[in-house]
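Two complexes are shown next, each including subunit A; its partner changes from subunit B in the first to subunit C in the second.
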Partner chain A sequence: MPDTSTGVVVIGGGSTGAGVLRDLAMRGIDAILIEKGDLASGTTGRSHGLLHSGGRYCVNDLAAAIECVEEGRILRRIARTTVEDTGGYFVSVSEEDEAWEPRFVEGCRKAGITCERISVEEARRREPALSKQVRTVFWIPEDGHLDPFYLVVGNVESARRRGGQVRTYTEVIGFTRNGNRVSGVLTRDAMTGEETSIGCQAVINATGAWSGFVARLLDVEVKVVPVKGVMVILSRRLAHAAINRCHKPGDGDIVVPGLSVAILGTTAVKVPHPEVLPIEWDEVQMLIDEGAKMLDGVTTARAMRAYAGVRPLYDLGAEAEGREMSRNFAVIDHEERDGIAGFTSIVGGKVTTYRLMAERVTDLVARRLGVSTKSTTAEVPLNDREDELDQLRHRPAHLGVPKPHGEEVALQPLLCECELVRPQDVEPWMKDPAVRTLEDVRRRTRSGMGPCQAAICSYRLAGRLVTDRGVDGRTATRAMADFLETRWRGVRHVFWGSQLRQAQVTTGVHLELFNVDRQLTKYFPPPLAGEGQGGGVPAEAAEVEAVGQP
Partner chain B sequence: MITEDRETFSDTVEEEHPVEACTKCTACNTVCPVARTTEIFRGPKFLGPESERYRDQHEATVTAGLDLCSGCKLCEVTCPSQVSIQEYIRRAQNKGAREKGRTLRDWLLGHTRLLSRFGSLTAPLANFGNRNPLFRLLMERVVGIHRRRPLTKYQWLTFESWFKRHRKNPPLPLGEGRLGARRSVAYFYGCWVDFNERRLGQQVVAVLERNGIEVIVPRQQCCGIPAVVNSNTDLARKYGVENVRRLSQLPAGVDIIASSTSCGLMLKHDYAHLLEIPGAEQVGSRVYDVCEYLWMLHEAGELDIEFQPVDTRVLYHAPCHLKSHGIGYPAMRLLRLIPGVRVEEVDEGCCGISGTYGVKVEKYDLSMKIGSRLFEAVKAAGSDSVLADCETCRMQVEHGAGSRSAHPIDILARAYGYR
Partner chain C sequence: MRFDIAVVGSGLSALIATRTLQRAGRKPVLIWPGLSSLYFLYATVDVLGYANPTTAEAVEDPVSGVRQLIADHPEHPYARAGLPALQNGSSLLLDWLREAGFNWQGTLDRNLLLPTATGTPKPSCLVPTSMAAGDLHRNEPIVFCGFDGYQDFIPELAAANLSHGWNGGSRNVGAVRVPLPGVKPDRLFTSIDIARSMEDATFRRDVAERLRHAVKDDRARLGLPAVLGLTHDTDVHVEFEKETGHPVFEIPTVPPSVLGLRLFDRLRRHLQETGIEMIWAAPAHEAEVANGRCLRIHLKSAGREQPVEAKAYILALEDAVDGAWRAGAHTVRDPFFHQVLAQHATPGERTDESLFAPQPFAAIGYPVSDRLQPTHQDGHPLASNVFLAGGGIAGYDPTGIKARGGMAIATGYRAAQEAMAA
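Now for the complex of A and B:
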């Protein structure tokens, strides 16, 4: 007998998995989502957050571009506040770029993308930071920014309101089978090691770049090619809109305005394993150099950190590599293909098309389960950030100055001053059992994503762990140190200028003032050879979070 | 020129994007007089570099809380990363005011020179009005000037007109002073000396001429600081351009001195950096505070130090804007040269008035609270008077601590036998 039973188990807590959970919940199908790390801690959370208009794919990958056009419009409607309507520019900075222009314009026309050529002067009036090298500018109003964390959390919360469940830090270690039919999932808690079984009628494998590993547990093959992309985060938006190079998609050709930051992207390197994502110095240097061709100030701006994500490109068998591969997705019906009933994989695709991917796979699974309800995810809004809490985030004004002056009403303190996170933004997550580490709090609140990279908010959040969760001081200290450690992993790649000075301040606060390292060795003596962990997050879990976005 | 190799103010660590130099160390918040006094203010770190990240030229400026900044600039003095905190606050405030409009009061307080000229022309009437409780109540209701705030007394005879007369009939024939007129300075007297405290200007001129320095008084406009702190850097820039144009025309080798620390700071630093006025850097490098100038003269061995003893015990309050000059306290050093003068610094921070800040109805109480530590210390010390280089600091100390106050030049002039 399994410990729990449900209708469908969704594996993978990225945008696709979250979208599937919501779709299932909205069709009234019981479901549990399991994720081996935190929500959005894999590919989704490490994307650059561009809501694709389709412009980047319209020449080489028309099918993907058309999907982006449609899905982009749907997301603007259902995830209104998760999307920022920045618009985008495609700029030419060289002769080769100019040669690409006719193909680009033609591609936009075919895909139905609104594209308008504007004068360089007009573009510079709108975006004063545009570089002097810019020769031609196309305005693509439907590019945008999609906050990947809010998107996933918004989908999961919407599903939870409809009965969907979520378990984070829960790894799949095997399946139970009933003949050719998958009848359940065996899981292990990544932190406590506790094993449980979930009985179910169907399993959806939405693990993206990890799909092959999950499928292998059932002895079936899913060929996904993990392709690494490195990104550099600058501490503020240099431009209001997304800036793309108007050329054949290549390395370092995009600058995405991500809420309070600018993200320089990206590279495409095939990697042997989705968790082996080294960031090389020349990649960082290249991103900055290439970014500077499109925008002034990239080289002098404060680089905050670098991170790497992995694209889950599905090998359709074509002789393509990296960027040449389609960004299309595929639903793999393992019952038909491999004779294993109750197991379906959804592979390929991209964050912008997550909803469509979720709809397609849920259609198949629902049909098999005999549920005929249609998907309504394209119509019903996420209610993602409908509460004032999130809408305020980017406008310091609303943090309030009591009027009239003279009546001294103390202002609410902020937990994270860089990203304007208030105590009440953090409070609900302190009560959520799916939130286990301070990194998880960060993904849901942006706390620690600003220029100081958690130098200040880390100890305030550690304090909240004590007051809100009742953990003891040593556990909170450990959580704080782990949080800083994950921040550090991204910061170390951009170690110059202000961020280097920042690290000095952070070191001063935590090592000299708080004496954190001494406290840790006191509480958690280093393990002797052959012994277990010192405590806290297992090395494995920490590794997964190594390069989380910003 | 008093010195050849004077460095101009260097502004920031990363000249291009100084906002990004902030390391969130919070040193600015700990010295901010407003943040230390009230919890309704988030402090310079938040309103400066932190909010600056979110400001966008395409969007309406969020102005909430910006007006609570008094503009004392201690944050910038303290910042180890040399972030131009004040510049972000003032520019944002100006952009917000452009979008939303200014109140009558802020418009009036920004146009100090206009206001003062009017006050001076109608001196007896204006002074009567400023002391009439009924009129003050009306002023509080209509304009928003706190009724308990003593306002400045206007003088009918301006410094400018006095100096014209003085020029015709100097006490010492030029070139025949004790040391001979080997140097010339242009005196930027500012609106205060012109309309409210002519005597201070006369003392400055006397002290300089006593040392054989020719004093030139160029035509000048308000330095612009009242406009800067009243959300109107546009107006300040207009004034600044006018001043820079006139001061640039001074013959080479003429230093510029100011007897108001705030006017001096505008000329030295803010014209070039906050207001970005072309040519201001060159003018700024010639500007000295009057006490700074006299001390440099002393260091060059040119100051007449044959002082008459002045038997007095005084407190010295260092104005916040003097700290921004980064020149130490030259007034205290000068006063220690005078026999009989016992001078002690009262190190209790900002007095709270910050120019026009403490005049406003909603900020009067806060202003008095900020200054309360200073007032207590002054009362406890029981000295003859409090010296301060800044005119509004003097007003505030007189009002808050009930003591007498003067510019340090006052003692110096007395030591030279000037009445």
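Now for the complex of A and C:
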């Protein structure tokens, strides 16, 4: 007998898995999502956050571009505060770029993407930071910024309201089978090591770049190529809208402004394992140099951190059979392809089209379960309220900014001054068992994401762990230190200019005023394995990383 | 503008250098480049907390510890400055603090062990008297006291850690929280707001009353965040101890730090009141050198450049916060001579993988002569009348050994002696 039973187990807590959980819940199907780290701690949370208009794919991948157009419009309806409607520009800065323009315009026309050529003068009036090198500008109103953390959390919370369950830090270690039918999932808690079994009628493998590892537990193959992308976060937006190079998509050709920052993207390097993501200095330097071709101020702005994500590119050529289709993602029906009933993989794709991917895979699985209900995820807003903003996000207007007419709202205390996070924004997550580390709190609230990189809020959050959650002082201090260390890992790659001064304030507070370094060496056991990293890296991968690192 | 001796800096080393010159009857000018590290990093004057950056056992006798450090590491900034500079500089500071209206205590041969806001014992040497009752060499039980809605001191966290970290588990450590009179916890208030309110007798008595009820153990000492007054802190502390009926000690908090503000504000004002000229918010960005001497330094102030001429110069920028050097992606230079102080293939090389380990960037600086003159790599001074104090000196990293105040005092004092002799 399994410890728990459910209808469907969804493996993977990125945008796809979260979208699947919501789709299942909205069709009335019992489901549990398991994720080996935290929600959005893999590919989704490490994307650059561009809501694709489709402009980047319209020449080389028309089918993908058309999906982006449609899904972008749906997301603007169902996830209004998760999307920042920035619009975007495609700019030419060289003769080669200009040669690409007719193909780009034609691609936009075919895909149905609104595209308007505007004069450089007009563009510069709207975006004063456009570089002197810019020769031609196209305005693409449907590019946008998508907050990947809120997107995933919004989907999961919507599913939870309908009975869907989520277990974070829960790895799949095996399956139970009944003949050729998968009948359950064996899991292990990544922190405590506790093992549990979940009985189910179907399993959906939504683990993206990790799909192959999960499928291998059933002796079937899913070929996913993990491709690393490095990004750099600047402390200022520099532009109102997303800025793309008008050329064949390549390295360092996009700047995505979102909230108070801008993200320079990206690179594409095949990696041996989705968790081996070294950040090379050459990549950081290239992103800054290339970004500066499009926008002034990229080189002088303060770079806050660099990070790397992994794309789950799916080799369609090798998987010609057994899939429901699309150019850019695939549903693999393992019953048809491999003779294993109750197991389905969803691979490839991107954050912008997560909902469609979820709908397609859920269609198949629901049909197999005999459920005929259609997906309604394109119609119902994530927060289930047509008329209100998504309450997951609090805008600065809530924080006591004087209203233009009438009364002044008193200033409320902030837990994270950089990102305007209030104590009450953190409170509900302190009660959520799916939230285990302060990084998890960050992903849900943005606390610690700003210029000081958690120097101040980490102490307040550690305090909350003691007062709201009842953890002991040592665990709370360890959590604070781990949080700071995780932030530090990104800061190190862009360590010049003001970053040194910021680091000195951080070490001044934590090492000199608090003496935390001695708290760690004198009173603590070694850190918990994998904490703050979204689950442990497999032993063989850790070795590769050690060798691969300069 | 022409001066006797120009001191550039905004931290403790610049203040000590200026005061030393003033006491010797010289006429220094103090040039402040901008917001000071005093705001962020100072609460106590730490002389030597640990013998090396990673050892776990605290130093008990800092002056002996420094003597040993000098013997073992003749290149260390403490060795360059010399033990007498630390000793004379410290007496000068304590005298000065007294004259400026502070109540501080401590001697160089003994570290106090004070609980921090995370409840970690930390060795400190010279401390405000308002912190001294926290000394963990004493036996009375400790109750950490916080306030509803105040996030910068979490008594429960401090108590939970100290109950592990303090030797002798039988000793009591507790935590209480009280609401602040008239302060709604859902409204924004900072350490500075509370510190100001504590100067109001009615407010303070009300807080004392609430704490007296909340704390059950009559023998307990009360550990509070450092909010006991902003400008009249000595009186506030004395009165508050009477009003609560308990020994009370302050604990430094995250910035904005009331302890740092008090120190900075009053020492700065005292210098001005005793006739020291100051040039405000003017970062120096160039030293003009001819025939081995610095002729003038150029300041960037309010939209125009201002040259300052002096017989000697003390560059007392305490660290990166104070602008001791400028870092590009590969090259670190100083703001005066624009010499390359360090080259890195990647910026990541400046850091350790762990935030809590010694950071390579912290040790960047000029090689110095025996007289604290910045030198070329060959040991030859860049300018015979320029002297360094603080973080411009190579190997100056007080963080891990907890020696920020002592190193600032020793180098500031010594640089002032050398500048007078130049």
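Assume the second predicted complex is superposed on the first by the 488 of 550 C-alpha atoms of A that agree within 3 Å, B and C clash if a C-alpha of one lies under 4 Å from a C-alpha of the other, contacts with A are read in each partner's own complex, and residues count from 1 in each chain.
The rule we apply is simple: a contact is a pair of C-beta atoms (placed from the backbone, for glycine too) under 8 Å apart; a residue touches a chain by one contact, two chains touch by 3 or more.
Keep in mind the model is a prediction, meaning the values are calculated, not measured.
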Thinking of the overlay built on chain A, is A:305 touched by subunit B (first), by subunit C (second), by both, or by neither? neither
Looking only at contacts as defined up top, I'd like to know whether subunit B or subunit C touches more of subunit A. C
With the two complexes superposed on chain A, say which partner A:456 touches: subunit B (first), subunit C (second), both, or neither. both
Going by the contact rule set out at the top, does A:281 touch subunit B (first), subunit C (second), both, or neither? second
Using the superposition on chain A described above, determine whether A:355 touches subunit B (first), subunit C (second), both, or neither. neither
Report for A:446: first if it touches subunit B alone, second if subunit C alone, otherwise both or neither. neither
Now for A:476: first (subunit B), second (subunit C), both, or neither, which partner does it touch? second
Between subunit B (first) and subunit C (second), which does A:466 come into contact with in this model arrangement: first, second, both, or neither? second
Mind working out whether A:488 is in touch with subunit B, subunit C, both or neither, as first, second, both or neither? second
Which partner chains sit in contact with A:496 here, subunit B, subunit C, both or neither? Use first/second/both/neither. second
Doubly contacted residues of subunit A, that is, touched by subunit B and again by subunit C: 400, 410-411, 414, 455-456, 497, 501, 504-505
Interfacial residue positions of subunit A with respect to subunit C in the complex: 281, 285, 400, 410-415, 423, 455-456, 459-460, 462-463, 466-467, 472-474, 476-477, 480-481, 484-485, 488-489, 491-497, 500-501, 503-523, 550
Contacts from subunit A onto subunit B in the complex sit at residues 128, 235-237, 240, 260, 297, 300-302, 394-397, 399-402, 404-406, 408-411, 414, 417-418, 420, 450-452, 455-456, 497-498, 501-502, 504-505
Considering the complex alone, what residue numbers of subunit B touch subunit A? 13-14, 16-17, 19-26, 38-42, 45-46, 50-51, 53-54, 56-58, 62-65, 68, 81, 362-363, 365-366
In the complex, subunit C residues that touch subunit A: 37, 40-41, 43, 46, 49-50, 54, 56, 58, 116-122, 149, 151-152, 154, 156-165, 185-189, 252-255, 257, 319-321, 327-329, 345-348, 350-351, 353-357, 359, 361-362, 398-400, 402, 404
